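One chain, chain A, links the two complexes that follow: it is found with chain B in the first and with chain C in the second.
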Partner chain A sequence: MVVKNVVCPVCGGSCEDIQVELKDNSITVKNACKMGNGKFQEVVSEHRIKDPMIKKDGKFVKVSWEEALDKAAEILANSRRPLLFMGSETSCEAQEVGLHMGEYLGGVVDSNATICHGPTCMGIQEAGLPTSTCGVAINRSDLNIYWGTNPLASMPRHMSKYGLFPRGYWTKRGRFDRKVITVDPRKTDTAVASDLHIQLQPNSDYELLNALLTILNGKTPHHSVEQVTGIAISVMEEMVDMMLEAKFGSINVGLGAGSSFGKHRNIEMALNLVKELNNNHGTKFRIGALRGHCNVAGFNQIATYLYGYPFALDFARGYARYNPGETSCVDLLREKDVDAALVLGADLVGHTPADSAKYLCQIPMVCIDIAPGPTPSGADVLLPGVIDAFECDGTFYRLDNVPVYFEPFTDSPFDFTKSNEDTMKQLFAKVKELKEKA
Partner chain B sequence: MKFLLNTGSTIDEGRLAKGGNKYSEEYKKECAVCWISPEDFDLLGCPEKVKVTSTDGRYSIVVNTKCTDRVMCGNIFMPRAIWSNVVVNPWTFSTGSPLYKGSPVTVEPSDDEVLDAEDVVLKLYYGGE
Partner chain C sequence: MAEVKLTPNKEIDLKVEADVITPDEFAGKGKSEIEQLLVWQGPSQYPLSDFFDVEGEGGSSAEDTTIVINGDVSRVKLIGAKMTAGKIIVKGSTGMHVGSQMAGGEIVVEGDADSWPGMEMTGGVLHIKGNAGDHVGSAYRGSWHGMKGGRLIIDGNARSQIGGGMTGGEIIIGGSIENFCGIRQTGGLIVVKGNAIRAVGAEMSGGTIVIGGNIQKFTPGMQNEGEESDLEFEDIKCSGTFKKFRGDFAIAKNPKGIVYAGKETNPDL
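And now, the complex of A and B:
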């Protein structure tokens, strides 16, 4: 049977138009990108983690669900300062249980949101967010700016769904009604497909944004900015002209800005540029983060809603504290400031720097995942994950912070858990049981 | 030679990672790679493999090379994966996010073996100390 309108759980695009036909041991997918199709094939893949496992003498041994869950609960209950890492490849409902468990244990709860657009969140806290949903960009934007991002690799359908090709109410001719500027030190496929490529030097986003703001205000920036950014002032002026000629511009910020030197200050400057365009120059602009991982925006939303902070929540004092650089996962692991970890739906070992990854492999770690990889290899207890949007329902937040409810097209392959939310609830109950006994 | 390391997605890195193939040979071929500009590639002596060393000199990783004009002189690019993250600067400048883009690194030709993703975990991280 063909199932239509399935939500894709791969990137922040949360494409909701996927068609799936599941037969015995094969799955046919339509409308998904290369990454999406790869994930859909996980439903029938041979390498899927199907059994709960515990590491004994350095090797994984298959055990019963109860035994694995008991061991996982023991690790967390015995920890003085656990790190609960709620990855992006799961629902808000599962992440919510993790946040409550972190509060109960007095641990730290963090997410991919930190090592992804954490600095963007901090920039927004500094300057406010002049934004809109992607729907507004589809209908209005005649200029699209990709700043420090290569959506053709990180969100392959962004250009066709939101950025470049869609035909909207005031952009009826799609691509022919739009111009594209890409700001990237690398000549990416996105840059090649753009009308203007600003190939700036790495770590010079702040200086470039500042120079654009100066030009916007009718002044000429100091000539040294050409040397710092590698961009001629005449090209910056050309970019500003394109922005001023636009009726509605959409800026999509990637990690090129937030992950390079300057971090949240780069984002703050970009937000100030957008505010200046909107307030004083007769044009309108929106800005939004291009969130590369599935439900990475969701964690920011529910953590803020529940506890007041978007990421890096430390419950050691019984209430939530937020101090990125101290209470964020990379820093906690680098400084060896936690003594156990629970990693749900994320490859933390593969995607944190060596000092952090190495320490994570040394402390007791519980991992909930669907496929082999660096984090499952480093875990002490491995619990099979359920694939959200394929095998259970729940909520993701899209890149523009729009909640998307998803329904499954098949059931959980396990009789011991229905979803990652279910697994987290079972684990939390066991942890409470152990804590209350003690 | 000193370079600035840029890490990021490639479409096949995404396809393989999301498809749960992080321990496959194909993933290693796609991600255990250092993109170098033609000018820098010549200066390094056109090596097949290079050793990339972190800013503080504590971590190194050997990867294959790819000579391409997609990166500028003085910069290298590595797909985001376990190999590149070994040498990414771990300091977060009080933001929680390490310097995935723009980490200063050293690059030199090497004849050493390119480790599989699993071996990076087992040799460098898990049994490291």
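And now, the complex of A and C:
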């Protein structure tokens, strides 16, 4: 049977128009990009983690669900300061259980933003976020700026679905009604398809943004900026002119802006640029981040509305405290300042610096995941994951922070859990039982 | 003056938050009362004596109390936080947030200090004889107001975001620094004897920064205002000739921030 309007759980695009046809051992997928299709094939993959496992003498042995869950609960309940990493490859509903469990245990709860767009969240905290949904950009934007991102590789359908080609109310001719500027040190496919490519020196985004604002404020930037950024001031002025000529501009920032040197200061400056354009120059702009993983925005949203901070929440004192660099996962692991971990739906070992990853594999670790990889290999207890949007329902937040409710097209392959949310709830109940006994 | 000596008595695994180590807390307390003060390790609280051997007792007031920490406390955070008077001498290195929000008194750290020393301090003297991490005297995340008063002296190097959001007081750094020194500064003085990498005085709209050494990547929103020699800021003197800049014009139409950069060390500016 063909199922329509399935949500893709791969990147922040949360495309909701996927069609699938699931047969015994194969799946046919329409509308998804290559990346999306790859994940849909997981549902029939042989690699799937199917059994709960516990590491004994360095080797995984299959155990019953109850035994694995007991062991996992024991690790968390006995920890003096656990790290709960609620990855982006799962629903807000599952992440929410993790936040509450972190509060209950006095642990630290973090998510993928900490190794991804965390600096973007921090920049927003410094300067505020003048933004809109992608829908507004589709209907209005006559200038698209891709800053430090190559969506053709990282969010393949961004240009066709949200950014460049869609025909909107005031942009009836789609691409022909829009100009594109790409700011990237590399000559990417996106850069080649642009009207203006600002090929700046790596790690000079802050200086370029600062210079653009200086030009907007009627001054000529200090001459050294040409050498620092590799861009002539005349080209910067051309860019400013294009921005001032636009009726509505849409800036899409990627990790090239948020995670090159300067980090949250780059984003803060980009936000200041948007505010200045909106306030004093007779044009309107919005800015948004191209979120890489499917529900990476979701954790930031629910953590913020539940506990006040977007990531790196430390519950040691019973209430949430937040200080990236101190309460963030990479730093806590590097500093050996946690003594056990739960990792849900993220390959944390593969995506943290070597020192942090090494320590993570040394401490007792519970992992909930769907397929083998560095993190499952480093775990002491491995609980099979359920694939959100394929096998259970729930909520993701799209790149523009719009919540997208998804429904499954098949069932959880396990009789012991319906979803990652279910697994987390069962685990939390066991943890509470153990804690109350003690 | 009464002196309390704290000697670390074990290796600390998970970091400890000891915001009770201040002359204000110790004043008027005897040895056993000080031993029973509670510190945090993760979500649990333990008596101070679990981590330190205590000798001596507090004076009659904070002003009258000196605390000497005899050893390395680089895994202890918040020493001297919010203190208003008295003195702390650390004969080793400290963890994060030493002298955070301090309002008076004096802290001397003989080793290094981790990030956030003197965060949002309003008075007193914080002297670090070794190196310091990031956010020296800066604002807490999301806040626009950093150090308001007092003096912060670092003999060695410090890293990034020094004096972020600073509105008053002085920061004097003997060595070199990295990025975003004086970001969003609106008042006060930062003097750096060594070099800076990038974005000195970025987004500043008031206050003064002096960089004696070389600035690798200059802030584009700075406008040249000529030269000045042998600068004097009350008791702080900076000899030599400096190029003078006003900024940051990226953030305001009429900013009043001043950056002085050594003339000989910055031939390209």
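As a working rule, the second predicted complex is superposed on the first by the 438 of 438 C-alpha atoms of A that agree within 3 Å, B and C clash if a C-alpha of one lies under 4 Å from a C-alpha of the other, contacts with A are read in each partner's own complex, and residues count from 1 in each chain.
The rule is simple: a contact is a pair of C-beta atoms (placed from the backbone, for glycine too) under 8 Å apart; a residue touches a chain by one contact, two chains touch by 3 or more.
Only a predicted model underlies this, so the values are computations on that prediction, with no experimental measurement involved.
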Task: Partner chain(s) touched by A:K34 [first = chain B, second = chain C, both, neither] - done: first
TODO: Would you check which partner chain A:N272 touches, where first means chain B only, second means chain C only, and both and neither mean what they say?
DONE: second
- [ ] Examine A:V349 and indicate which partner it touches, taking first as chain B and second as chain C; both and neither are also allowed.
- [x] first
Open item on the list: So in the superposed three-chain picture, is A:G292 touching just chain B, just chain C, both, or none of them (first/second/both/neither)?
Closed with: first
- [ ] Have a look at where A:H47 lands relative to chain B and chain C in the superposition and call it first, second, both or neither.
- [x] first
Open item on the list: Tell me which touches more residues of chain A here: chain C or chain B.
Closed with: B
Task: Which superposed partner A:L76 touches (first chain B, second chain C, both, neither) - done: neither
Open item on the list: Let me test your reading of the model: by the given contact rule, A:M122 touches which partner, first (chain B), second (chain C), both or neither?
Closed with: both
Task: First, second, both or neither for A:L22, with chain B first and chain C second - done: neither
Open item on the list: So in the superposed three-chain picture, is A:S377 touching just chain B, just chain C, both, or none of them (first/second/both/neither)?
Closed with: first
TODO: Could you pull out which residues of chain A sit against chain B in one structure and against chain C in the other?
DONE: 122, 261, 324-326
TODO: Give every residue of chain A touching chain C within the complex, in rising order.
DONE: 80-81, 105-107, 122, 125-126, 204, 206-207, 209-211, 213-214, 217-219, 221-222, 224-225, 227-228, 261-262, 265, 268-269, 272, 315-318, 322-326, 335-339
Task: For the chain C and chain A complex, residues of the former touching the latter - done: 13-15, 17, 40-44, 96, 115-116, 134, 140-142, 179-180, 183, 198-199, 202-203, 217-224, 245, 248-253, 268-269
Task: chain A partner contacts - residues on chain B that touch it in the complex - done: 4, 6, 8-23, 54, 58-59, 69-72, 75, 77, 80-82, 85-90, 92-102, 117-118, 120-122, 124-126, 128-129
- [ ] Give every residue of chain A touching chain B within the complex, in rising order.
- [x] 10, 34-39, 41-42, 45, 47-48, 110, 114-116, 118-119, 122, 148, 150, 152-154, 156, 185-188, 199, 201-203, 230, 255-256, 258-261, 263-264, 292, 311-312, 324-326, 328-331, 334, 347, 349-358, 360-362, 370-374, 377-378
